[in-house]
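The structures considered in this document are given below.
Common to both upcoming complexes is subunit A, partnered first by subunit B, then by subunit C.
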Partner chain A sequence: MALPQPKLDKLAALTAGLALPKSGWAAPARADAMSRLAAMGLPDKRDEYWRYTDPTPLTTAVAPFAAVFDAGDETPLFDAIDRVKLVFVDGIFDAAASDDLTLSGIEIDLLSRVAALDIHWARDSYGVLECRGQLPVARPLAALNTAFATEGVLIRVSAKVTKPVALIYLHKSDGSDVKLHHCIKVEQGAQLSLLENGPAAARFNSVLEVDVADGARFHHIRAQGRDHARHAATHIFARLGNGSAFKSFTLTANGALTRNEAVIDLDGDDAAAHVAGAAVGDGQFLHDDTVFITHTGQRCESRQVFKKVLKNGAVGVFQGKILVKQGAQKTDGYQISQSLMLDDDSQFLAKPELEIYADDVKCSHGSTSGAIDDTALFYLRSRGVPLKDAQSLLVLAFLAEAISEIEDDAIAEDIRLRLDGWLSRHGR
Partner chain B sequence: MTALDTPVMDFEVRDGVDRETIEAVHAMSGKYKYGWETDIEMDYAPKGLSEDIVRLISGKNEEPEWMLDWRLAAYRRWVRMVEPRWAMLNYPEIDYQDQYYYAKPKSMDVKPKSLDDVDPKLLATYAKLGIPLKEQMLLAGVEGDAEPRKVAVDAVFDSVSVGTTFKAELAKAGVIFCSMSEAIREHPELVQKYIGSVVPPSDNFFATLNCAVFSDGSFVYIPEGTRCPMELSTYFRINAENTGQFERTLIIAEKGSYVSYLEGCTAPKRDTNQLHAAVVEIVFLEDAEVKYSTVQNWYPGDENGKGGIYNFVTKRADCRGDRAKVMWTQVETGSAITWKYPSCILRGEASQGEFYSIAIANNMQQADTGTKMIHLGKNTKSRIVSKGISAGRAQNTYRGLVSMHPKATNSRNYTQCDSLLIGDRCGAHTVPYIEVKNNSSRVEHEATTSKVDDDQLFYCRSRGMNEEEAVALVVNGFVKDVLQTLPMEFAMEAQALVAISLEGSVG
Partner chain C sequence: MLNINNLHVKLETEDKQILRGVNLVVGAGEVHAIMGPNGSGKSTLSYVLSGKDGYTVTDGTAKLDGADLLAMEPEDRAAAGLFLAFQYPVEIPGVGNMTFLRTAVNAQRKSRGQAEMSAGEFLKVVREKAKRLSIDADMMKRPVNVGFSGGEKKRNEILQMAMLEPRMCILDETDSGLDVDAMKLVADGVNALRDAGRAFLVITHYQRLLDHIRPDVVHIMAAGRIIKTGGPELAMEVEKNGYADLLAGAV
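Right, the complex of A and B next:
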């Protein structure tokens, strides 16, 4: 079906300034992505999965400006954790600030460095899961990323790697428009933790493709940058093999617009996928979690836990779907989305969906929204806790279910400290 | 296969089994019970849809000019509209020109003055359906009561209302209960004031079509402070082939009034699909309370999905006054396709909306149904309980919206959607939309999907029930919350229907 003229115009305006990056092995994947994008067009508010989030700032030809956030004397996140560090400044790899990338059991390459090669293992991965994730719901911004991404990491893991790989995204130019595309292959029985931290750019579009092979484990913890005016569209595409595990947690504080999509296919049997998110926003803040979990294999477990704290007109959006295919028996699917609204101006918009074609399954979802419980507040105050501390305590307690999805205690503590900092800064 | 092969009455009731349940199941045994047709001479409008047909329908109903203009405006709008396809329903394109839009029994040419003048064939049809139009107590279920409850019935046969019972008695209380066509003639000021004020002609594709071609339906007016002395009901019957039924119901409940309204529907078995696009509007003012119960049992098509009714219905209640209350209860067992979202606009302060639904889809049936609760006023409350059951190769979707507007402070919503799957080739889906725009309101949504529990089945079987009886018992337990909200007469019928609709889904 041909796209209507306004959609064609918008796409042409956005892609006019972009050139397909020079790449040997990735060239066919990029060309395919470009044709996918041309067929879909860019998203607009009339699309079912964009009804609550206006994608305009993500699709304009020029990225909207975003001033860099001043964290004051706050210690950067994950600083005390023993890790392999890769630093990107406005999407450009900073070798001097990064660690040595040689580590046993893991192979780390940069997309820009291996682009000229004709053969690379990532040829069979780049854009593959993104392409599969386009059905049944189109994700044009991900196709845009596959076609035009200028940088990214390609990681192949063959052993149980204990040291996490940390991607640090610094934002220094207030008009930067960055597309990063990461491919991760966790081979049979292997294990990897990936940390992501920082705003990356004024406008950030990222794709993370993760293939978790049989018996492998992948753990992902992300803290998105705190620039108030930044815009971001991130995508995770994951495929899980037999008996594998995938866990992802995202902390979002601030940001004019953040759209986090996760498309996860429990392809093998006995796999587990947990996706969690905690978002806190004050004022000009729209946070959108769009999660699509497909159960193909049998006896798989999936869990979605999303919590949002909103004030001063902040908007929280949750669109989550559990799709259980025919034959995916003994599926256990759980989904919860909750918002805590600290004042009367904020909004919570949710569409938690179940689509089930197998009978021997256990699926449930819940969604709630409301203010801080006055009784709980009264109790704490009657025990001598000052009002502000009592509020903070209750907000943190509300977010706890999502944070508990982080397995590593040190990382979870870092996330809690970051939230505490946000609460004290935003006056409650 | 178990129960289907055994003779219907060849069973013993054993300890621990709810005798009533089993009797109800057996009493209603057999496939679709209402699949026969009445052989009666009909008067059709020419096939297809055009402005001329709209004029003809309006003319047949002897409508005033404003009504015709209203219909024509709706028709002109409809022509430019696109049929919605967002529901999880899969059906071939409907040819709107390959339908009759008006069919009435020839014997209704001369309007019968009273029920005694109505064609005996028509009366026999309703008697066979269990809806006697003679003014007598209605359902066998209440026999033996000291004072039998009376239910007034408006019987709609294809495009016309055949008759309305207990009109005189209702008139004494000031209640107007008549067919829509009669209301347009007799009470034009009320109709003109309220028609389209809840579901406007621009509302949606099927509602707009209905505005253009609706032929009859029921009209209810309950005056201020009146408690309607009996339950009102409308019974819709599609009989003619290739004919769509487009009824329009308007209920007006003035301040402090109360009415309980029941609706039932059936159609003959046919190989071709038939279209049904209805609109129900309810307007109610301060302290009024309306209870609207539906048992929808249109012909669902055969096991292979051949035939059946395409049911596209727009139902909406507008709480215009404070403390008004509406309660929708529906049991959806029939129709090949169901597209239906009875909604509440909670405008008045502290008004309340409730929605209780059982949707059963078996064989090749597809249902996409749910509700919309639009909270506009302060301290408004809504409650949604939806139970979906899928069996065979059916698809059952709950689709709902709960919207809390910024000014609807201190409001409350509770939603519970449960789905039950019987067999591994069916589907159960939940698509709720939740929009909260203030923080003093609380919204809670819960949904679960499960199969008929093996342990429960095993327990029932160990007590000597056969598999179908066991499933019927478990399912009746699953839908109990909703059945309890139905008026008693309907609850009996619905309970039996639940068992019948699932027949052949196990074994």
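Right, the complex of A and C next:
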């Protein structure tokens, strides 16, 4: 099916200045992604999964400017954690600011450093889960990323690695337009924690492909920085083997546009996938969680917990689907998306979907939006808690279910504190 | 200590008058009880005193130690020493009972210019007071009032009162829903706090509680007014005869 002319024009404009690498092990995957993208075209507001979120700023030829946020002398999140740190400044790896990448039980490569090789283990990973994740819902920005990503990390884990790998994304240039593509392979029985922190760029497009083999575990915690005007489209594609576990939590504070997609396939039996997010926005803020979880194996558990706090015209979007395939018996699927409106000007748009082809499953989903409970607020104040503190306490209580998805108590507490800080800066 | 004069209150959103001229003076060291038929305005009085939204004061005043209560925010009233044990304690999912108590205690200390209680000290005090009210550690860990039984919620109110050590304590039907033993615990909690610098306003429907907490003065409230004031014998009379005679005599 030929694309309509406007879609062709938009794609041509965006890709005109981009170079598709023609050599090296990733070239075939990139060429394939480009041809898929050419067939799909870039998203626009008429596409079913872009009805609530206008993708225009993500698809313009030039990235919209985004002023760099000055966090003052605030200690960056995760700084207190013993980790292997990789720093990227507007998408460019900063070796001097990064740690030594040798660690036992784990191989870490940079996409840019190994791109010219003819052979690399990531050849069997790069773009594979992304390509699979294009059905039944097209994700053109992910294909765009696979074709043109300029950097990324390729991580293969063969042991239970206790030290987390931390990707730090600094944003220093107002007009940076960055595409990072990471491939992670957690081999049988292995374990990895991945931390990501920072806005990365004025416009950021990321793909994280994670293969979690039988009995392996993958934990992911990320924070998307505090820049107000930045735009981001992130994608997680994960496949889970037998008895494996995948857990991802995202903290989003500010950002003009954030589209976080997660496409997870519970491929093996007895696996568990949890995706959670806490997002807080004031004013120019659109935050979109679009999740697609497929239950293929039996006795798998999936949880989606998304909470948003909105004020001053901020917009929250949730599109979450659980697909239970035929034969995926004893599936336990849970999905909740809620938003708390701090005023009457904000908006929450939710589209929860369940599609079930097995008969012995337990699936629940709920979506609500509401205001702070005045009765609870009065109760707290009647005990002497000042209004602002009482509000913060109730907002944090609202976010608690999402934050409790973080297994590491110290990180959870740090994130709670930062949310508390945000609330005290953005309180009424 | 508490001085209520000709207090008239209506609902904010409706033209419904609820309090029609309440006069009440509670002195330091005193315990006053308020009884009265359902819907007579007892809870409304306690809410208006503690600063709940939704009511409009159309006339009259309410003062705590001479300070105009009605002009203060709820948290400032609490800091000034006012406490209301709610008839229906509120459930707050996601906020741990311990966190809540500590936040409240420290907020009040802060507003009075006192140093915050250390975590260790706080824990020690709270454990001791909770034990006296038969509140177990598990209840302290749970979210505020969530999943608590009716009686547990009421005991939790008294625990808050014991921790905050307010000077003017209003108890709105704290005895309702309590079993005999719990009633005794609650009464002991109140009696432990009784001293010359503190006053209580105990709203109740039953003489039983007043056997344990001996009031100095008993008021009967009806249709938004205090229609009769007397000693403890007034509570006996209500218990025996109901309100019919009192109401008939009040017009």
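Everything that follows uses one rule, which is that the second predicted complex is superposed on the first by the 424 of 428 C-alpha atoms of A that agree within 3 Å, B and C clash if a C-alpha of one lies under 4 Å from a C-alpha of the other, contacts with A are read in each partner's own complex, and residues count from 1 in each chain.
Quick note on the criterion: a residue touches a chain if its C-beta (ideal position, glycine included) is under 8 Å from a C-beta of that chain, and two chains touch if they have at least 3 such contacts.
Since the model is a prediction, treat every value here as computed from it, not as a measurement.
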item: Partner chain in contact with A:F348 - subunit B first, subunit C second, else both or neither; value: first
item: Contacts of A:D70 with subunit B and subunit C, given as first, second, both or neither; value: neither
item: First, second, both or neither for A:S339, with subunit B first and subunit C second; value: first
item: Contacts of A:D409 with subunit B and subunit C, given as first, second, both or neither; value: neither
item: Partner chain(s) touched by A:E401 [first = subunit B, second = subunit C, both, neither]; value: second
item: Contact residues of subunit A, present in both the subunit B and the subunit C interface; value: none
item: Complex interface listing, subunit B residues touching subunit A; value: 86, 88, 406, 409, 419, 421-451
item: Of all residues in subunit C, those that touch subunit A in their complex; value: 50-53, 73-75, 77-79, 83-84, 86, 89-95, 99-100, 103-104, 107-108, 111, 143-144, 160, 164
item: Complex contact set, residues of subunit A against subunit B; value: 48, 326-327, 329, 339, 341-371
item: Complex contact set, residues of subunit A against subunit C; value: 373-376, 378-387, 389-390, 393-394, 396-398, 400-401
